[in-house]
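Got a structure for you, questions after.
When the chains are written out, they are named A, B, C and D in that same order, and each has its own residue count from 1.
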């Protein structure tokens, strides 16, 4: 693309006085669903990009990192997961990664925004790769919180693939202690949950630290898994939380080794190092320890972006 | 800072159709030295920021990560370094980290841009923290390449703290095989070098892969050390290359453990995981293996940014 | 200035989804007074620029157009003005133009923001050209509305050089019928007032039309004077309103001709055409006829920018 | 449109360090024809906008001003025009205005970019309003310069509706003395030409002044017609040049009055004042008098934008 063709730009606002402009080759979707602003653009640098309410959710060239780290460490944290609950993840890439586990028999995906799913099925084929058609999958268009509060089903693994928990976003009540309590009740005794865990840079780590501390009030084991995406422009972490107090890195590594999946990011040595965090982040866990609750759950934009 | 005060923005261009705008509270320096455009601005998100030719070099809130990873793994790669050569690093933060090693007796820093050093001494005190006044330090304002070609001195460790090797930049000839040959000649038999190693995202990994492969033509051991800075907006890696074929991670870890330095990023467990890279990057080393040379050294902007 | 030096940008927000970025050679002032955000930057295209609350007020290369049109048609609308009231106009350029009228004996300038005046005296010498030191001038730092409500003095001409009347701005209550009533009381029987009259483009003409209609409730003659500044990026108009029902264009032209001032914008033929407006604007005066009042005076950002 | 929906922006570069960002509701076209980059976007402020090579050509809400001033003063400059040549004007709005003259019998429109015409016919119906289907119109897809060099036909009026004459643009050789010589040969003895005449602000008047002076080498009468569009963000002028040395404003006004067309911008009083320019522009005609020629015709971006 020559420079003089760079006329269309997608603009991502960060709360703290930072903006990223992405030159677009094409605009594939620009509209609002009932729940959120949806944009799918073909960027010059990251390939196709999905943004919700203006925040980039995943990009063609590096979404594999996000989704491998979100799904597999949790799957390997359980000795033999057969049933998986996904909340959110409208693109279908989280579903795609879960489907790669052949022993899984049942996958329930609860996504609030049915229009988003339809748009992603049509415009993001690399993301889902047909996973929505896997016979093990049940797709429920509905509120994830209501689902976990009402279901009697138990799952071995839950994956919470949610957008930022800003007030008024669909995700706002899906990062609280009360919600995690309910999620824990939906899990089998060795069950675990994987959570999109926000930014871990020294500049913006309050939301991450508070999510970790909230999970610690519910689960005996809480392990951040750091990663970094060019399309997110910052270091991030997902978080694995397990009901199994005997959870160990070595068991996770052993499961990863024995499954021997052909992944592009998570080799066995990468898994061995995945759960280590730097001292500045350990300190942050001490400093920002107030849990998020339903009545005091708000993270501001300033905390998140 | 209230939103309506966000009037002044520093703009960082990426070659591939991406731009970052940083809201500035103040502009501390905006001018040209003999060698480059120098900007020092107080950003809302990252604190004080130094940019050269429009590219952010380091930021107040996370420069410690960059500099710890650039300096200490190299220092720990040598059993007992006493003399250190720094090329570039005008901010003084690389010097600061080297000075924290009490057994070092001599530090030669060669920086081409004397005006840059003067400006940084005045405006970036957190970076250098007085290191320029350490009696072990000799500061030479001059060309790093000429220095290594002419010096007869030997160093245990060399740290190449350079800006991007774009054509016409001061750093252009400091990333080639010919230059690394000369650097190797300046090193003692167990000597090693640390190199700012560029971006490692799937989007932009050609420059990194070619630098790694160039170093491999000169050094028996070449080890990337990945890290991610919010102020760089992407995953990066420095690279340690050692003349010692017996170099081992475990020896580095052992040195880190025994020195027990109070670092904010590099704890012992972080060092253990520092040299692991994901499979997609291993693949890139196979694909982009052409070394950079003096006569064919050019990396384009497109490769780098 | 070479392109790669364009790192600092001043950003002007328009309410309706438009933003202008000005490359800056230097930032001369960036701060808040008690009343407003003040920025003075050296732009590449327009020279030095003053912005208040992020909105460009005047620029070195074309401020002469703004100030000639604001001052002289009003001065020529009175047969022999001797006393002039200026409200606002902190830069001093309106004052400068008034001072060019040798028969004027007394000029009272009421500006609410004393810090702004001090900053402009120091940094905008081309604007005031020493006019603050003219012995005929009395500068009052205070609220323009309070001044006209309390003074017993009468003036031949009043010039209201105000920023946009957005809610909460210092100018908010200086565009209402009640205020204009008071201004009219401060004028001698043949007196007239000149008002900064906002944008007249088909895109944004509501504010202008309503100001014209508000003035018409108070003055028998209301005449828009259209002009266009590159630094305002749109067509605008000032408005002359006179208490003299015999006001005529030909009398204004005659005064202009006889004074024969060496102006750069307002030649005699330019004055002849100054008061003509296009049919689409005449229509707007019919459509947007609701006057601005103290209790219902609000113009939104959307109306103005 | 709520602010958080403002994600897509069209970006217009000015050469001298100024950029305008337009929030887009939709992107209707984004591609390249054989000759140029074509963008049609739905902006929040100006309605639908056409840009060629990134430069806004016309906007839904104010194109009427541009096209009325480009066409009618030229049409009224001839006592009874029956044949009209249009070069450029792919949108069809110039054609639309010409078609409003009932006595015109023949209109030849020569536009180099056939794809542009097709796209505009489909996406800009307000612009052409069906004018392409007027039986008096002959559309020729071809080079305007070649046409005037080869045709033996004579026209009463020529309208040159061209984009900026930057090097390498399709318009580059359509602003030179040699070209105007040829245009003059295509005109009947009382014939006249109307030229898009660029910016007239003090900041950017060199291109305009040189075009005026180039026309003066060919035509005895050359008259700028100033106007200002919000979507052009600056004062501009078209230029009427006539072969009739008896051309007079009063005759133009008389024709305008007798035709009594229901225009939105050009009332009779507006026409009376249309040809007056301010002193600073008169001065510019003295200063920047070098004509544009085929061999030295180049205007740089810096001159134009």
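Odds and ends about this structure:
Rule of thumb we're sticking to: contacts are C-beta pairs under 8 Å (C-beta built on N, C-alpha and C of every residue); 3 or more make two chains touch, one makes a residue touch a chain.
Each chain and its UniProt protein: A, B, C, D = Polyamine aminopropyltransferase.
None of these values were measured; they are calculated from a predicted model.
Chains that count as touching both chain A and chain D, per the definition above, do not exist in this structure. Rounded to whole angstrom units, the spacing between the C-alpha centres of chain B and chain C is 53.
Centre-to-centre separation of chain A and chain C, using mean CA positions: 54 Å. Between chain A and chain B, the centres computed from C-alpha atoms are 32 Å apart.
Residue positions 6, 21 of chain C each touch two or more of the other chains. Chain pairs that touch one another: A-B, A-D, B-C, C-D.
Here chain B touches chain C in the complex through residues 4-12, 21, 24, 26-27, 30, 32, 37, 39, 41, 51, 53-54, going by the rule given at the top. Considering their complex, residues 1, 6, 14, 16-23, 43-46, 61-62, 64-65, 199, 201-204, 228-231, 233-235, 263-267, 269-270, 272-273, 276-280 of chain A touch chain B.
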